[in-house]
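What follows is a set of structures for review.
There are two complexes below, and they share chain A, which is joined by chain B in the first and by chain C in the second.
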Partner chain A sequence: MKCRKFSVQRNLLLWIGGAILLVIIFVLVFGPSLCTHDPLKVDYTLKLRAPCREYPFGTDGMGRSVAARVVYGLRTSMKIAIVVMLISCVIGVCVGVLSGYVGGSVDLILMRVMEVVLAFPDTILALAILGTLGGGMKNQIIALALVRWTKYAKMARDETMRLKKEEYMEAAVAMGNGRFRIVLRYVLPGIIGQILVLATMSIGPIILSGATLSFLGLGVQLPNPELGLLINEGRDFIRSAGHISLFPGLVTALTTLGFNLFGEGLNDYFDPRLKEKAVSD
Partner chain B sequence: MIKYIGKRVLSAAGVLLVVSMLTFFVMQMTPGDTAYVMLTHTFFGTGDLITQEDLDIATEMYDLDRPLTVQYGEWMLGALKGDLGTSYIYKKPVMDLLKLKLPYTCILGFLAFFLGLLLAVPLGILTAVYRNRFLDQAIRIGSVLASSVPGFWLGLILIMFFSVKLKWLPVSGMNEGLKSIVLPCVTLMLGMMPVMIRVTRSSVLDVMGQDYMLFAKAKGQSLFQALLHHGVRNLLPPVITMASLQMGNILGGSVVIETVFMWPGIGNLLYNSIMAKDTNMLQGCVLTIALGYILSMICADILNAALNPKTYRGGGRMA
Partner chain C sequence: MEEEQTRELWRIERLQVFFKTRGNDIMAVNEFSLSIYQGERLCLLGESGCGKSVFGMALLKLLPENAEVLGKAYYKGMETVGMSEKTFARLRGTEIAVIPQGAGSSLDPTMRCGKQVEECLRLHEKENSQVCRQKVLSLLKRLELPRLPGIARDYPFELSGGMKQRILVAAGIVCHPQFLLVDEPTKGLDWGCRDKVITLLKKLVEDEETSVLLITHDFNVAKSLADRVVVMYAGEIVEYGMREDVLERPVHPYSKGLLAALPQNGFQAIEGFSPPLDQIPKGCRFHPRCPHATGRCAQEHPNLTDLGEGREVRCFYAEG
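Here is the complex of A and B:
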């Protein structure tokens, strides 16, 4: 009975997360055509309007529609998050598999490199890189990717080492497969599930850290909208017009929540250890 | 045990050395001439008035034309003596500024860290003991929600509600003593609690499934007694390790939170030094924070080793 209850709940996370993501995707695809206002058009006669029918999220200090800016900002944020996810995933998996499969001194060196990267708190490393390279969207992506790859590398390394001990791996070697072929045909398919789960789960945190960097003015530059930047724009108006920060933040939180729930659901679904635990409960 | 601690500290010192090198060389690669950046801040305030001659003088004054490795060596020697160079914008030794600002960050950070732990660990134990019941679900949903909210935005919303609307707490700064620390502290705490609750929950669940817990129950101990007598030692290590990693989150979060709340700590200093391209200052801030983070990881390892001698008797583990 308990087991069944757990399974319903497990699906629930996936379903709620999926539903939120569908809404987000809808806004990403159709948002711009639904917006009647230009997110960049300045009109001081309309400034600081409270939310109304014409402007569902109100207008900002320069009379721009906050709703339109949020729609475009969400696009920018998602673009950054996905690019960062892809880059860090590729770097991390390459390093991890190489380290785990080859082992020896290669492993030692790569792990020392990782140790140094991990000696900085994530945000601090990203800030230091941005402080050196200067702000902007491209550098923001580089900084975030340089911070995030370690998560994949760690996972890929552990999993590769685990797979290496499996019998079928021995068989693959005995069959005369080359190293590259073994990695491609036997190692990667074995860890792809976990990579996908980790990738899904990492999008939420990437959106948050991306927004943090833009909020600090070190990421996407004005006047382009980005969620963190939009929240920052509202900082000057927290006494008079709270909605300017409120809505971009809500959208950021909702998007992150969608990805977190969906990733969580996927994780529960794929993680066999958790299933065992649920049964043994 | 002492040998283990020594080894751990040594390897951390090695990491710190590489970290300092990395920080130094990366910082020196900043686009834009260091001499130019210095002059714009120090003497003129605008870039148009600087002539080549001024640049040459500045380069000579601060020995900027020598090879980077030599510069690093000198900087390192100075750093060991407690001299991290001079801040270009504040025109004061970096070390003095760090000493001035560090206490504020420590007060805020430690308060948030320990209060967060004090709340998160019991909550995690509760969710594990009442797993899959209403309380567990409620706390879990709450923590997923909390981990999805951007900290800086939460800070702004808290300011809007408690400071602007209700006027209970000051908007920013730290002139009102205890009152002014409440909001930044709560914001930082909410950032670290979800992860801690989750780790505690899974660690307790893990321990509760062990045979010795069953035995303790068979002896007639209640669940809490058994957890207290036999569980704690085994459920704490993952919690301690995660707590040390969360220290990093608090340190990183402090940059953002201190900026939002105008808290005069190291995070704020770091942010200002990035904005002003104050390389020496930035270097000092980054190194201090990395040092704090590494220290917290060493503390966690030593605590874990004390709890579980297997850690240092049977082979080490990664930092």
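Here is the complex of A and C:
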């Protein structure tokens, strides 16, 4: 039964996504030791080389290895994405569960706050926050987290309200559990699957919006590599040496795709309706 | 021994439950007065929608927020209707426990079965996990669950309905409560499972000397478990007394009708349907369906009349 649930045919997305993620994790962990070139070392004699054996992704306008910069850039982007995901997840789940479980005026106020945040397009709000706080990686993380928590809050609230109606919640009250304990022991385990899916799926968009902010020059500052920043760097050479933007762009796309596929796969895996179908056929 | 048996555990005085709705308030339970004694097994019998579960939930203060409870209920002399949620929460689980209805949905699907029983112990008795686990396992064994101890590590979806119901029984009784509310323990179970659950439940409450309020619509369950039986109709008590009296020699026309409707007594269904709770008929609530109804029944609302020997009935023409 367990093998069947994990079998390749039944959950193709999970496997493809997982494979891409494995490659990315491999690069994140071992990348720096595989790179023979310093991502920050400037050498104008080597500038704008096309991809070759020595420089698989070519070199940029200052003679730095694009491959090395992409590897380090991916690390920075992932670091930002994971920290943003964790912070926004914690804020969102706290707000959502509180709102859904307590209800009443607490729910009313928290949801109105959330709607204010939701009313702005994500990137514009992040830009506004960054504009106020100033650039840099730390502020980039804060801005993204402040924008993204609403996604978790919405889902956590809906799921909590759904669980609250279940009979075993009443049974838990009848057993003499306090409110806090019920949330901790009965509500959170019930919504964790959905939250996990959302968290995985949100890594891709976070990398994208992180890259957007850096591309616009508001996030990570030069000369540190970050995927969006790298794409921006190649902009001046887009006609003569397209590889400088191409490879960071490809890696960004692939990473996003990997996380999204994996998230979709997890979603199917946790979806009880699909499980029933799998059993019946 | 005699005195011990007659000690009052609950004294319920004129309990009323309303549900506030957009239109008018709906009265689900009307003027319910009853005593439950220590160690006795009382059965609340009635058809669906007559307010029996609502009464049970009102007693445990588990009703939704739009419900209003009037009247008084004393548990060991403590008034509980007006008691704060916090104070009452301390009684729940320790002295007062519930075995909820709906075996399928009353277990947390994300928690292992053994753990769910253990939860209750952990909450109220400060014991270490090893002791708790042993207690749970021995209780599950008494409930004749198969595959011990492995079954304690199973999730609810891996168990059958009867097994889930027994897990619920275990969770209810694990803390040795003095009062146990059992709400439709046989809902959705087939005959075999039903008998097994009832027999085991009976054995357990007899061993533990627990007072039980059993809510059911099943005559056979009432017959095999109850000492006293209360028959409810449309939110009211219509008859109560000892099990043999009520179930074998009912006085109220409704109880008689119920008995005649049993398969072994010839399937003679009572005419009509029980009224919706917002359209309670004037006079005796049963009169539109009663074969013996007279003009008086349609005008006056009968009170409970004492027939002696702890037996009361709500009918003008109770011949005793």
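Operating definition for what follows: the second predicted complex is superposed on the first by the 262 of 281 C-alpha atoms of A that agree within 3 Å, B and C clash if a C-alpha of one lies under 4 Å from a C-alpha of the other, contacts with A are read in each partner's own complex, and residues count from 1 in each chain.
Here, contacts are C-beta pairs under 8 Å (C-beta built on N, C-alpha and C of every residue); 3 or more make two chains touch, one makes a residue touch a chain.
Keep in mind the model is a prediction, meaning the values are calculated, not measured.
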item: Partner chain in contact with A:186 - chain B first, chain C second, else both or neither; value: second
item: More chain A residues in contact [chain B versus chain C]; value: B
item: Partner chain in contact with A:134 - chain B first, chain C second, else both or neither; value: first
item: First, second, both or neither for A:170, with chain B first and chain C second; value: second
item: First (chain B), second (chain C), both or neither touched by A:237; value: neither
item: Which of chain B and chain C A:178 touches, first, second, both or neither; value: second
item: Which of chain B and chain C A:15 touches, first, second, both or neither; value: neither
item: On chain A, positions contacted by chain B and by chain C; value: none
item: Touch list for chain A against partner chain C, complex; value: 166-168, 170-178, 181, 185-186, 189-190
item: Of chain B, residues touching chain A in the complex; value: 15-16, 18-19, 22-23, 26-27, 29-31, 131-132, 137, 144-145, 147-154, 156-157, 159-160, 164, 205, 209, 248-249, 251-253, 255-256, 259-260, 270-271, 273-275, 277, 282, 286, 289-290, 293-294, 318-319
item: Parts of chain C lying in touch with chain A, wherever the complex brings them together; value: 60, 62, 89-94, 97-98, 100-102, 105-111, 119-120, 123-124, 168, 171
item: For the chain A and chain B complex, residues of the former touching the latter; value: 2, 5-6, 9, 111-112, 115-116, 118-124, 127-134, 204, 208, 211-212, 215-218, 228, 231, 234-235, 238-239, 242, 245-246, 248-249, 252-254, 256-257, 260-261, 264, 277, 280-281
